[in-house]
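Presented sequentially are two complexes of subunit A, the first with subunit B as partner and the second with subunit C.
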Partner chain A sequence: MVMETDVLIIGAGPAGLAAAYETASRGLDVTIVDESISKGGQLCQQTQILRTLPSPFLAMRGYELANTLINQLDEFSVRYLLGHRMIGTYKDGSIGITDETNVFPVNPKKIIVATGAAEKAVPFPKWTLPGVITVGAAQTLVNRDFVTPGKNAVIIGSSDFAMDVAIQLSDVGVNIIGIVESLPKILARDAEKTEHIMQRSIPLYLRSSIKEARGNGEVEEIDIQFPDRIMTEKVDLVCVDGGRTPILDAFYQLGCSFGFQEELGGWLPQYNEFLQTDCKDVFLAGNAAGISSQGALLITGRIPGVRVCEELNIISKQEAEHERASHWKELENLEAKLFPEKWEARLNHIKNYANPLLKDQFIS
Partner chain B sequence: MHIKDHPVLGPQLQDPVTIYFNDQPYMAYKQQTVAAALIANGVKKFGLSRKLVQSRGLFCSRGRCCSCYMTVNGEDHVRTCMIRVEEGMEIYPNLEDPEVRGDGHGD
Partner chain C sequence: MDKTTIICRCEEINCEEIEEAIGHDARTFDDIKRLTRCGMGPCQAKICISLVADVIHEQTGSHLHEIPLPRMRMPISPIKLETLATNSTTFSSVKSVMDEVELEEGKVR
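== the complex of A and B ==
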């Protein structure tokens, strides 16, 4: 039995939900697939306040934004397939969805892939020991599972996100032994976060890195390498922030082409100003279209949503063009100011649309 | 440790359940994932790597890295960061590759 739908959205995170609102609120039948058992993606465990959100949203905490995005879909025709994954395509082009027991085809008119990003590891000897986790994992344990992941922790990396997580770990009683940054300066752009770290007397170690972790079955000790010395610390938790990279599995399965933009997280699907890939009827949104700020992600969900409505003749060309111009203006406002190098990379990426680096092959 | 009173979200852990890891009982709460509940009880080592037999535990908590594979209620290779605990759940570490070719698995 084939499930028919106007729009199939892969991923129920902020970008997928934003794309769902654009399409469902204009009367299209929308189906959202997410492998998780809950909606909202990684927003659900973001307890920090997000300040630069697009209109009509005011500053709010991440999980509040998740609830807002979920609730605004209540009155529309949206079918959720939670605990489901896209695992491939059938010969006739329909999409194979599994509930982990059975596989069934979904035949959409348009697909919007919003699979988000994955955290990258930071390699050092014995980085695979239990107790070495990503900063995102630490945040998930604290804010989703209500579990303290350790007693004495070291944070590797000083991005805004690493700072948020350090503060949140400290607030639930984890002793932060230090924040280790290999560069000569703090990476966090929000000076307020660094201030919070200072207020908590958490040491910031610049020009330093992890030389080695040790432990019997789990992490017990680490060596922090400074330019002139090595410091050994007893820890039961190491949180690594290696940055994030777009999750591309669905794009491989659909046969999309790829380009490379370091500032947007590395390899990412080639797309044009409609956030449309070079596969007919396949669009993308959110971190999958380049790692960016929370506010920017929402707009990258709206842009393909508008195009899908235009292609399915739900809105006129004029209306779509008007909407598109205003979304791109707002994206520029949010992205170019805070992350000018990301904005540049995005424009470059779109320019390369006709000349993708990789076609018909996997990135290994 | 379980966080009884979260600094932003308040008291959230209401419904306790008992789970079993290596036949030992541990206390968990309904909304927790299996991996998180075990970490709350001080269990971090979830298994061994297949080739070099190195300890493995939770890493990404997003279902991406598969480092938290365990056997749950008889099913092998379950991503334990992605499923929630249930009363009486039986969990065993992932110490070797499961037997996938055989009568019960449709070879």
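== the complex of A and C ==
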């Protein structure tokens, strides 16, 4: 049995939910697949306040935004396939979805892929010891699962994300031994976060890196390398921030082309100003289209939503153009000010639409 | 990078083994995978993909955008064969896994 739908959205994170609102609120039949049993994606464990959100949203905490995005879909025709994964495509182009018992084809008119981002590992001797985890994993354990992952922690990296997690860990009583940054300055752009860290007397170690971890069956000790010395600390938790990169498997299966933008997380699907890949009916949204801030991600869900409605003749070309112009304006406001290098990379990426670095990867 | 550092945790391949493969002219993730099993573990390269690119970059000077993505095969994440085989006539039209199999009227020959 083939399931038919107007729009299939892969991923129920903020970007997927924003795309769902654009399409479902205009009357399209929308199906959202997520391998998790709950909606909201990686927003669910974010307790920090998100200040730069697009209208109509006011500043709120990550999980509150997740609930807002979920609730605003209540009155529309949205089919949720939670606990379902996209595992590949069929020869005829339909999407292979599994509920872990069966695999079945879904045949959508349009697909919006919003699979999000993965955290990158940071390698050093013995980084595979239990107790060495990513900052995102630490955040998930504390805020979603209510589990404290350790007593004495060191944080590797000083991005806004790493700072947030350091604060959240310290709030639940984890002793933060230090924040280790290899550069000569803190990476976090939000000065308030650095202030919070200072107030808690958490040491910030610049020009330093982790040399190695040691331990018997779990991490017990680490060596921090400074330009002139090595410091050894007893720890049971090391949280590393290696940055994030778009999750690409679904695009690869669908036959999309790829380009490279360091500032947006490295390899990412090639797309145009409609957030449309070079596979005509495949669109993308969110961190899968380049790592950016929460506010920007929501807009990258709206833009393909509008285009899908236009292509399916739900709204006129004129209305679509009007909507698109205002979304791009707002995206520029949110992205260009805070992360000018990301905005520039995005414009460059779109410019390269006709000349992807990798294409026709899926020769089958 | 310290030679003993693990690069592929699923298959326990360290930096030295990756460098050795590069010494044998491996230039892409898939080259290294064929020589070492790096990337062939349960996570299917989801963790080691960027670490391997960094080692190739360090050793050969290639820019990261010159190091192509590895081939990402079906299934996107591990799945029980029993589940994948749901309704086996449809299953035999699944791309990639069954591509090498000849089909005759929807049935495996």
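In this section, the second predicted complex is superposed on the first by the 361 of 364 C-alpha atoms of A that agree within 3 Å, B and C clash if a C-alpha of one lies under 4 Å from a C-alpha of the other, contacts with A are read in each partner's own complex, and residues count from 1 in each chain.
Keep this in mind: contacts are C-beta pairs under 8 Å (C-beta built on N, C-alpha and C of every residue); 3 or more make two chains touch, one makes a residue touch a chain.
Note that the structure is a prediction, hence the values are computed from the model and not measured.
S.K.: For the combined arrangement obtained by superposing on subunit A, do subunit B and subunit C clash, or do they fit?
M.R.: fit
S.K.: Which of the two partners, first being subunit B and second being subunit C, lies in contact with A:88: first, second, both, or neither?
M.R.: In the superposition, A:88 contacts subunit C only.
S.K.: Have a look at where A:131 lands relative to subunit B and subunit C in the superposition and call it first, second, both or neither.
M.R.: first
S.K.: Specify the partner with more touching residues on subunit A, choosing between subunit B and subunit C.
M.R.: Comparing subunit B with subunit C, the partner touching more subunit A residues is C.
S.K.: Once the shared chain is lined up, is A:145 touching subunit B (first), subunit C (second), both, or neither of them?
M.R.: first
S.K.: On the A-aligned overlay, A:360 touches which partner chain: subunit B = first, subunit C = second, or both, or neither?
M.R.: In the superposition, A:360 contacts neither subunit B nor subunit C.
S.K.: Which partner does A:36 reach: the first (subunit B), the second (subunit C), both, or neither?
M.R.: first
S.K.: When the two structures are overlaid on chain A, which partner does A:228 contact: first (subunit B), second (subunit C), both, or neither?
M.R.: neither
S.K.: Looking at the overlay, what does A:74 touch: subunit B (first), subunit C (second), both, or neither?
M.R.: Neither partner.
S.K.: Determine the nearest approach in Å between the Cα atoms of subunit B and those of subunit C after overlaying the two structures.
M.R.: 5
S.K.: Can you list the residues of subunit A that touch subunit B in one structure and subunit C in the other?
M.R.: Touching subunit B in the first complex and subunit C in the second, residues 35, 118, 121, 128 of subunit A appear in both lists.
S.K.: With touch defined as at the start, can you tell me which subunit A residues reach subunit C in the complex?
M.R.: The touching residues are 35, 85-92, 96, 98, 100-105, 118, 120-121, 123-125, 127-128, 212, 242, 245, 248-250, 252-253, 258, 260, 262, 266-267, 357-358, 361-362, 364.
S.K.: For the complex, give me every residue of subunit C touching subunit A.
M.R.: Contact set of subunit C toward subunit A: 1-2, 4-7, 9, 15, 46-48, 50-51, 54, 64-65, 68-69, 71-72, 74-77, 79-80, 83-84, 86-87, 90-91, 93-97, 99.
S.K.: Looking at the complex, which residues from subunit B come into contact with subunit A?
M.R.: 1-3, 6-9, 12-13, 29, 31-33, 36-37, 39-40, 44-46, 49, 54-64, 67, 81-84
S.K.: Give the list of subunit A residues in touch with subunit B in this complex.
M.R.: That would be residues 35-37, 42, 47, 61, 63, 118-119, 121, 128-134, 136-137, 140-149, 171-172, 217-218, 247 of subunit A.
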